[in-house]
Amino acid sequence: MRYGTTRSACAAVIRRDLLLTWRRRGDALNPALFAIIVVVMFPLALGPEPNQLANISAGIVFVAVLLAGLLALDTLFRGDHEDGTLEQIVLSPHPLSMLLASKILVHWLSTALPLIVVSPLLAEMLHLPRQVMPVLMISLILATLLLSLLGAVCVALTIGMRRSGMLLALLVLPLYVPVLIFAAGACNAAQLGLPFLAPLLWLGAALALALVLAPLACAAALRISIT
Amino acid sequence: MNELFSMGGYGSYVWSSYAIFAVALLIDYLAPKLRNRQVIADLRGRMKRQQRRQEKSA
Amino acid sequence: MISSDPPSPIPLLQAEELAYARNDEPVFGPLDFTLNAGEVVLVEGDNGSGKTTLLKVLSGLLVPNSGKILLNGEDLTLARLSHQVALLSHLGGLKLDLTALENLRFAIGVFGLRSGAAPLPALASVALEGYEDVPVRNLSAGQKKRVALARLLLVPAALWLLDEPYANLDKSGIDLVNRLLDSHARRGGAALVTSHGAYAFTSGTPRRLPLRPTP
Amino acid sequence: MNTLTLWFHKFGSPPTFFRVTALLSPWLFGAAFLIGLAGIYWGLFVAPADYQQSDAYRIIFIHVPCAWMGLFAYIFMAVNAFIALVWRIKISEILAMTSAPVGAFFTAVTLATGSIWGKPMWGTWWTWDARLTSELVLLFLFLGVIGLYNAIEDRRQAARAAAFLALVGIVNVPIVHFSVSWWNTLHQGSTVRLLGPSRIDSSMLWPLLLLALATHIWFFASVFARSRVSLLELEGGKEWARDIALATEHGHE
Amino acid sequence: MRYGTTRSACAAVIRRDLLLTWRRRGDALNPALFAIIVVVMFPLALGPEPNQLANISAGIVFVAVLLAGLLALDTLFRGDHEDGTLEQIVLSPHPLSMLLASKILVHWLSTALPLIVVSPLLAEMLHLPRQVMPVLMISLILATLLLSLLGAVCVALTIGMRRSGMLLALLVLPLYVPVLIFAAGACNAAQLGLPFLAPLLWLGAALALALVLAPLACAAALRISIT
Amino acid sequence: MISSDPPSPIPLLQAEELAYARNDEPVFGPLDFTLNAGEVVLVEGDNGSGKTTLLKVLSGLLVPNSGKILLNGEDLTLARLSHQVALLSHLGGLKLDLTALENLRFAIGVFGLRSGAAPLPALASVALEGYEDVPVRNLSAGQKKRVALARLLLVPAALWLLDEPYANLDKSGIDLVNRLLDSHARRGGAALVTSHGAYAFTSGTPRRLPLRPTP
């Protein structure tokens, strides 16, 4: 008998999820595509004046990225729940929170990372001033990590429901609001030449906390909603 | 020579355009070659599996 | 039912006054039974009598309304699972986009590996040679079931909970399940199997656990 | 007529198509490469600088042939898609599907070089005028066809679904082409005419035409090369494909 | 034997889909909720200056409504496909295009209508000038109808896929772009006091065409992708 | 197989040289068979031999690669379907959020109603009295199957294509399917049934159509 260590179990989860992402690598581009689509829609709906667009560009990029992340959230556990592999993961003797943390990590890599990679393009399309770009990138990284972690808890809660759909969005929104305010606030401050470090530090502190607590909360929520 | 590269001050624009063109064509040239390799490997795997299924049922 | 064997130290599984109700409507009544190592028990009952529900309760996925489940003499809760239980549910627990082999490797990673077992031989023993690298999506209903069965052979669980393992299988598949159950029992494992009596155990008559819907 | 249909049937049979394109595709690649090189040399080193744009105008030799090519690729794809849907001809399915990625490449290059050119000329990488927007939509259409084709398991069904989409999207092609005359855009109107005198100096016209020729030849070379792979994949169950798979050493063609 | 008329078959489809909408009336509110969420995010991301918001309000409402509609589109056939009832509908001897038109109608009623009902609220949240409201409503009605019809064709094409996800958004976008330009253009024109009738008439003409052709195209696409 | 009966005018279903291949890999070979009114044929074959695929081809959901399907002597295409065929597939074709009764009503609306049939008696005859108003989601695996069977009783199709109707059913359920098939045949209907031989027809020996995987 070889029961395996918790580390090897996490590695198995990560390996499998990366493999799945690779098998449907087309799907991994979806959030990025969606964000591009949102960003394309705005100039079409608002009219193409560069100055007007530049004023609101950081905000639009944030909303686009957050919406894309929000929609991608649903895929975090849904597939596993439908084919019964989530049942298997829950029944595994290793700490559920660690296994879920592995899943969240891969999910972030496969959905948020492409978003972050395309965000300079999005910003350029909306004429965001060049000097705001680094602040945008940093706050996007912090914000998406936070949202993946916080979102995972909400997804775990809604997993027992037939079609969580946008109820999820409703649950997640209150958690997103402060993140959005701080992250977009940093960018807007940078755009106006004001100090922007404080909101970024707040985000960092929140992230540190979420890294520890969110997997535990997620495991607890999943146990509740799967039984 | 230097003048050629600077292109009247537009060097970076002109050269990057030509570079993008070249890179795109290079990828376009290589993509089917790589894919061909994979398809042939898949096909061989399929044939091997089929053979084993036949051996088993025989 | 079994009378003259030496009293085994602790039964593998023990259910005491176990009952489950969904929204206060009883699904199965208070049940008492023990399952010793080396035993295979057939859970029988009509459609809707609660067989699937019972297996879910025993695996820890559903919390019983009353009664106790003891696994090796210890209380079973979802928060404290052991390597002892493997569940084959209606859903299959297979990733359709992965190949049979990749699915098995994942199961090993998460549940561990039975000594002496390996993925390829396990696939061969469920008669799926040549299908190792086919995505599970492209397998037929019965072939999917076989992959799920191969998983049981790999993980080091002593207690198998099988929900309708015979459904969708052809004759040789049914024989296969019986052989797997036999050798599992001989290795000291135990199994709880739901099935509709029409097609069942070939070797000997297994113990039966009848479920009757509580009215 | 009879010989033509006969020829079509022969060329349309997968093994023949495979063999003929195997002969054709390297030559086409070679020709495209040489003609393209000549055009680039002419465009970069021989043609004089523009009196208005100085040397920046040299982007035209990439931008415009690629733009024409993207539109041509779409039309080629749509025609094949139509044949595929109506007569269910396998080769047409494959030609339609393989012209999508090539067209997407050329469209992407058009967009990239256009924005690069726009920066010095218009002072911005991007605006939302009709020409640029419709060209972006063209890229999305190509990507949609590719995505749909790859997302469906059964290859032939996938080809027919994607062909349907390609046909629906054809309305965008005239919009791209005529956008400069239908709306007032930042992008300049047409200067090169096939009929009648072009509003471009012949010293600049020739490299442009050479590169246009080169990209068209390249297009067919690339489509043929891709089609051979797809055909091999699609006909994997047939004897001839298996012979080829067995005859091919690993890593070589 | 009673084979039933095409009309009775359509009625059965409509009755069933309305019943399903009623059974999960929570889900029917989802698109409206999503649009509200998008609209709420903007003041948070952009800062709450009323004037800036008013300038872009019509555009944001349009983007929000179209995104919500886009996301709801996926549910048009997916559920029926997964449980095999779509198979049944395709196997029905009645004209498929009529049955699908019935489904599209109910889908519009259950997803777009709530959106249209909340749109005055959304516009109010973004300080849209009161006199633009009627134009906004009319163009929203035309645009959502067009989008349901055009979108249905794309959904039918993607039904054979494992998980259409956002590929659908990509397919639909090119069709949405002109609709968005005309509809938002009418609102912007109205806001600036310019004539706005021409774009609305264009939309109306397109709608008339789509009403006839889209169900047929949808049936053809579905036949391609279900076999 | 049937030798001395009077030559029936036109067979209900006729397949000529029917073959299906998935991505050029043959799934079932060229098949020739006829099905007359009043006949029930059992499609037999191991897991993965192509039974499910055959039924989908016959219903018009998949397009065969070669060969012909004649229904009442006319070519079958998806674009020109008749009221003649009813398919019971693995998926069930039931809306989980609707009740059993509502599901049946929808089927009647879309397919029409067999003369003399009605939803409530149909549910009663599959032993689901008292479950009319339960959402199908809350039924057990076997109960769902019964609802799907009740649909067959209602629609005016002469040809039934049943994919593993016995799976998930208890003994009385299996008897039920056999009785339904019997009376359908006696009414002049015909059926093609896939099943794994282990549990099958009780009354008489049906004709068999063996499927062997084309290698």
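Letters A, B, C, D, E and F name the chains as they come in the text, with residue numbers starting at 1 for each one.
What we mean here is this: a contact is a pair of C-beta atoms (placed from the backbone, for glycine too) under 8 Å apart; a residue touches a chain by one contact, two chains touch by 3 or more.
Bear in mind that the values here come from a model prediction, so they are computed numbers and not experimental data.
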Chain whose Cα centroid lies at the greatest distance from that of chain E: C
Pair joined by the larger number of C-beta contacts - D-F, D-E: D-E
Classification of the chain C:chain F interface as same or different, half of numbers criterion: same
Distance between chain centroids, defined by C-alpha means - chain B, chain C (Å): 48
Separation of mean Cα positions, chain E and chain B [Å, integer]: 40
Computed distance of Cα centres, chain C from chain A, in Å: 37
Chain C and chain D: spacing of chain centres that average the CA atoms, whole Å: 57
Two or more partner chains touched - positions in chain F: 25, 90, 96-97
Per-residue overlap in chain E, given as positions that touch at least 2 other chains: 24, 162, 167, 170, 173, 177, 227
Residues of chain D whose C-beta touches two or more other chains: 133, 147, 151, 153-154, 236
Residues of chain C defined as touching chain B within the complex: 127, 129-134
Chain D - residues contacting chain A, complex: 124-129, 133, 136, 147, 150-151
Touching residues (chain side chain F, partner chain E) in the complex: 59-63, 78-79, 81-83, 85, 87, 89-98, 102, 105-115, 135, 156
Of all residues in chain C, those that touch chain F in their complex: 45-48, 52, 90, 139-143, 145-146, 164, 166-174, 196-199
Residues of chain A touching chain D in the complex: 26, 40, 43-44, 48, 50, 124-125, 127
